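Okay, so subunit A shows up in both of these, paired with subunit B first and subunit C after.
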Partner chain A sequence: MDTLQAPEESEIPGDVELRLQHEPLWRIRVRLMQKSFKANWKLFKRNKVGVVGLVIIIMFAILGIAQPILFATGVWDKRVYDVRTGNDNRERIAEMTVVANVDDVVDPNTQIDRRRLIAEGKNAEIGDVIQRELKHPWPPDRNHLLGTDPNGSDILSQLMFGARAAFGLGLLAATVTVFIATTVGSVAAYFGGWVDSFFMRFADLLLMLPILAVLIVASSFGRFKLWHLAIFLGLLGGFGGTAIVLKSQALSVKVKPFIDAARVAGGNNWRIVTSHLIPNVMPLSFLYVMFSVTGAISSEAVLSFLGLLNIDMSWGLMINKTQSAGYLLNPSTWWLIVPAGLAVTLLAGAFYLAGRGMDEIINPRLRNR
Partner chain B sequence: MGRYVFKRFIQMVLLFLVFFALSWIALQAIPGNSIEQQLRLNPNLPPEAITQALERRGLDKPPIEQFWIYTKDFFTGDLGVSWSRYPQPVSSLIAERLPRTVMLFSVALLFQYLVGFQAGKYLAWRRNKRGEMAITIAGVSLFTVFYPWFGLMMILLFAVKLGWVPTNGFIVESIWRDAPLSANRMMMTMFTSLMLVTAFIGLTVWASARLDRPSQRRMVKLGAWVAGIGAFFVYWLTNDNLVYAKDIAVHLVLPVSVLTMVGFAGVMLITRTSMLETMKEDFVLTARAKGLTEAMVRDRHAARTALLPVSTSLVLAVATVIDGGIITESIFGWPGMGQLLLASVVAEDIPVALAAFSFTGILALLGHFAADVLYGVLDPRIRVTSQG
Partner chain C sequence: MTDVQAPAKPLVKVEGLTKLFPIGSGRFRAPDAHLHAVDGINFEIASGESLGLVGESGCGKSTTGRMLVRLMDPTEGSILLQDGDEMLDIAAIGKRDMLRFRRRVQMIFQDPFESLNPRRTVYDTVAEPLTVQRVGTVRERELRVARLLDLVGLAPADTFMFRYPHELSGGQRQRVAIARALVLDPTFVVADEPTSMLDVSIRISIMDLMLSLAEEFGVSYLYITHDLAVARYMCDRIAVMYLGKIVEITSTEELLSNPLHPYTKALLSAVPVPDPAYKRPDVLIKGGIAKAINPPPVCRFVDRCPMATDFCRTHDHPPLEEKSSQHFVACHLVESSAG
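Here is the complex of A and B:
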């Protein structure tokens, strides 16, 4: 975030130049970064939308970090709370009211039909309250704040694991996307000609691809893991749409006088691209990190929802498993599907909102000054 | 202009050839041959029959030759025969599925753009006032909502809990047992009538802008809406096949509403950005200085110019319909192109998958091309020739 706004020459106080001999250059740079960071943070804070996004991102980050800590400190037992193999086989007794028919059962956690009891060889009158062992999925209680899934595994623990998976995937995919897109965009804009044509036609080709269908084909190549997907999404985005956006930004930087000045001063192409062009494209690149994370998280969730990924646990997979266990369209087991879907929505939305907040800093036309 | 279009056309053809070859290679490279495996799993088939079945599908030849034969057939209009539903030709499969996707998404896109454009206009006009934050948050959460989950929640609420609409599918088969016409035919009739009404209202409203007096304009607009919607209802209520049309319409309600809710926010955000840019232009200031009302400046001066990127995005949205259809159609059990694409890729039914891919690719190419040309036509400031 510290490079969001490249400090302009006029902003350097006069005394900095006087102190140049005494103070090493890096310390001046750090101080300037701090200064621009503070200024940018003030701008960012003004936009409530961005702050909301940032708060949600931090909440999910805490959620993701909390799980290994809970395991390490022994608060959670790995045999019970592990996302895949965990199973709470303790007995949980619930009080159930006896009703006449299966159709009368509104909430299977507090009601049971009489016919089933008779079939099990027990007898009870309608309206009786009986003690009965509760089968998984359990509704939320003290031990399992978000209940358990049909296999007896804890939903909150899965949600936490899913948060780590989403952050890992999203950030890796976004980093790859933006690294490639910045390089490709700057190089294409700077050199122009056939380099430009080649990369832009390639971007057109990637934009044309039906992304979901391509991901389905890619996932059928075998064991498609989370980081494979991240790299794949990163490549698709980096050579595709993001490259086009960053190239147009690089084009507007390329015509600025300081690029000519650098050329006149004898800078070679490599030097001009890496230390003059790219640093000035970077602010927009940071913005696209945010938007790419949103895209990557949603794509992963869709793919694991369709059951096409080979991963331990993720939010999309939680919904997929609910579907395959037949609990999908069952309002009485809401905790199987609501937290996972809400988590995808919130985190993807939060990155988008944070991006919007950053847009107000980066995009001078949106500033209210 | 002509040269630009020609150049783009040549590029498009080349790009499509690359896309076609890449799709074929990718589909061919999927490890394992599921068709052969399926045949071998059948214990009643003697080995000769398997070889024969593979030969009929052209699978005994080396890949290069297969590609050559397939390409030749494809470009002479023969899409081949589906492997997983063996004797059915690919073209008939697509002819069966495509109208359903077209129907669903054209209705949904219509609503998305109507709602989204109005909301975006309002949002930009009220920048930094109360209400902007609430609408933005609501819009962005709908925009970034995990779509399959949202769809399921809506099914849970409106179909399972309230029972207002069916949970999935596009018809109830038992109603159609002795129907005089096929469901696809019915759907095309519905689609045509809907489009005619939309075109009629749209054109009349557009033409009414030329009238001088506001009261006249209002009358004509109102008349167009009443006449269009009235004619639509009269036509359908007196129709003998109303029960079949109703069946399809009832199945359309939920997917269309969900698609509208999810999609309008994107349009809204584009409109907002575009409106904010437009409002800085001098002609808006001029309009204000002339003493026009705020609504007049907003609707007649700013919004019209702001419509440009929105119309481009509509063209691009049409181009990605099949890809987006994969999720929608699998949640709502709508048997359209998206489901066909998903099923054919999973079953490694290469002829069907490749045809669906090509269809998607052609649509995307034409969409991008149309968006570029449209932008140049609508906005005279953009010099198309300088882009080439």
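Here is the complex of A and C:
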């Protein structure tokens, strides 16, 4: 038989052919993927930490999706609930106790000082309870579940918008990070030598950058948009720390005999990197998607808190506005800062927790300990 | 220069094959020394014949195997592979001929747990040589893989084709690896200790499988092993390596019944005998294997040799010479009995 010829049909015993299912390959592969997904899901479910993370992520995803639905169905009026221009100018009356001085006012929503009333031409004795129109920020009530900000916009609506911004930014940044890091890490590990040195020294350089300072300088060249920041963080992570981690993983895969086997089979460098090296680095890459999201969300919060981002609304910006209006550390207006702060912490933490849950699937040694 | 004649027209002819590993070299630094992993070895393998390469760990047998499939580039020497009427020099092969060469020469690896990509199914693994060589259509590849799986004893093929390596036992994985090596119908297969990682109970079935497939596909093996019993079972001829040199090469029966090199004698005396009354002769050699880093120009075995004389300590490593009919030995002290 000529070894350089394709195997001929005639040499194949008929019974083998009969036994082979006439199902196309892609359908078998889809089924295999479903099977492995189910198995992995079972492992993930066993780890409570990962499940908690996933539940929090889903909650925030629902929040983010809910906002446009509330607008579209007319439950929320754009004029009242829009994150920037929304303003509830309805009158809200609250009962207030009259106290002697401004310094005695502990809670401005239930207390008012007498001097102010006198300046407005009204008269009341200390200890009286009067009806008075409430100024924004309003505390939570039926119409505004998380209250309003000093401009009269709804906090819950802003929080929902912020969730969408956080997801968009986090996932885009993480995707860019991991795409670049997987490619760079695998290529550096596989080819070694100068390629390796170049990418790894570049990664060291990026690791040493004071990222916040660089971002502040970069934002001064023109207002940063959210996706600018996402790409920027993605590039920074992708060529930086994540690339180093994924390269070390790729190095451990590179020396496995199945790489040699692929070369003996005739696979060229491209094929070995794409179909042997990268698929074996991928699980760790997915893990780093999770960790990158955490980093991106925190960075965004910092940057928009500093007012360097040009976006309609985000959690960091909510805190920024609270601070610039002078309500930052005022416990009586807790709803201005607690929801946003909690959301940043929770979502960033949730991605980290979900990552830890995935870690157990990828690292069998971590299981049952 | 020695001339090792295989019984028939050689399929593979190795001449002066050498691999030196530089030690202590940097990007801008010349190496301090060289490790002579394989140092100018010659042998031939006839078509359909299996040659066993035996030696302790570190003697260069795996390096030899890896050079034969060009996973490593030789420092010197030529590897000639029969290609029609011509001999193709594997050592100097270019990119263009590489794919064609890959169809002729394949390899079976030692560790079946590491030599299969854990993220690819049995089908993907076995079909990979066909895919990269662009042989046949998807359907043809599927049938070819199914036939191979049947032949290596993974039947019915369709129950094994879309399993992942972690779902298979060690023996089954090695069967998959054998199927992958044979799917392109090669003429020469380098088997690097294919049974040493397997349970003793399944070794024999894998060896029997390899023997029957050798007949069916007409392939020659270079069978690398440290186990003389395995080499005896699998090979027509055996070459014994020590520190990068072949010290003795002859047919299996001759080597076992009439070993001439002191190292071979020592190896044979160390083979366990399943008889409790058996009194093991004193082990002839002492010490452990050294590293061949810039070896001095004397016999490589001289430090451990029980027979070494002053002649051995002052003269270069002996060449491989035919001491009796088709029996080649590299030793100063073995008398020649054949013309």
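Here is the rule we use: the second predicted complex is superposed on the first by the 347 of 369 C-alpha atoms of A that agree within 3 Å, B and C clash if a C-alpha of one lies under 4 Å from a C-alpha of the other, contacts with A are read in each partner's own complex, and residues count from 1 in each chain.
By definition in this document, contacts are C-beta pairs under 8 Å (C-beta built on N, C-alpha and C of every residue); 3 or more make two chains touch, one makes a residue touch a chain.
Just so it is clear, the model here is predicted, and its values are computed rather than measured.
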item	value
Touched partner set for A:195, first subunit B, second subunit C, both or neither	neither
First, second, both or neither for A:130, with subunit B first and subunit C second	neither
Partner contacting more residues of subunit A (subunit B vs subunit C)	B
Contacts of A:302 with subunit B and subunit C, given as first, second, both or neither	first
Contacts of A:319 with subunit B and subunit C, given as first, second, both or neither	first
Touching residues (chain side subunit B, partner subunit A) in the complex	11, 15, 18-19, 26-27, 29-31, 128, 133, 136-137, 140-141, 143-150, 152-153, 155-156, 160-161, 167, 276-277, 280, 320, 322-324, 326-327, 330, 341-342, 345-346, 348, 356-357, 360-361, 364-365, 368
Subunit A residues touching subunit B - in the complex, by the definition given at the top	48-49, 52, 201, 204-205, 207-214, 216-218, 220-222, 294, 298, 301-302, 305-306, 315-316, 319, 328-329, 331, 337-338, 340-341, 344-345, 348-349, 352-353, 356, 365-366, 368
Subunit C residues touching subunit A - in the complex, by the definition given at the top	66, 69, 71, 98-100, 102-107, 109-111, 114-121, 128-129, 132-133, 135-136, 138, 140, 142-144, 146-147, 150, 156-158, 162, 177, 180, 184-187
In the complex, subunit A residues that touch subunit C	1, 3-4, 6-7, 9, 11-13, 16-17, 19-21, 25, 28, 32, 256-258, 260-268, 271, 275-276, 279-280
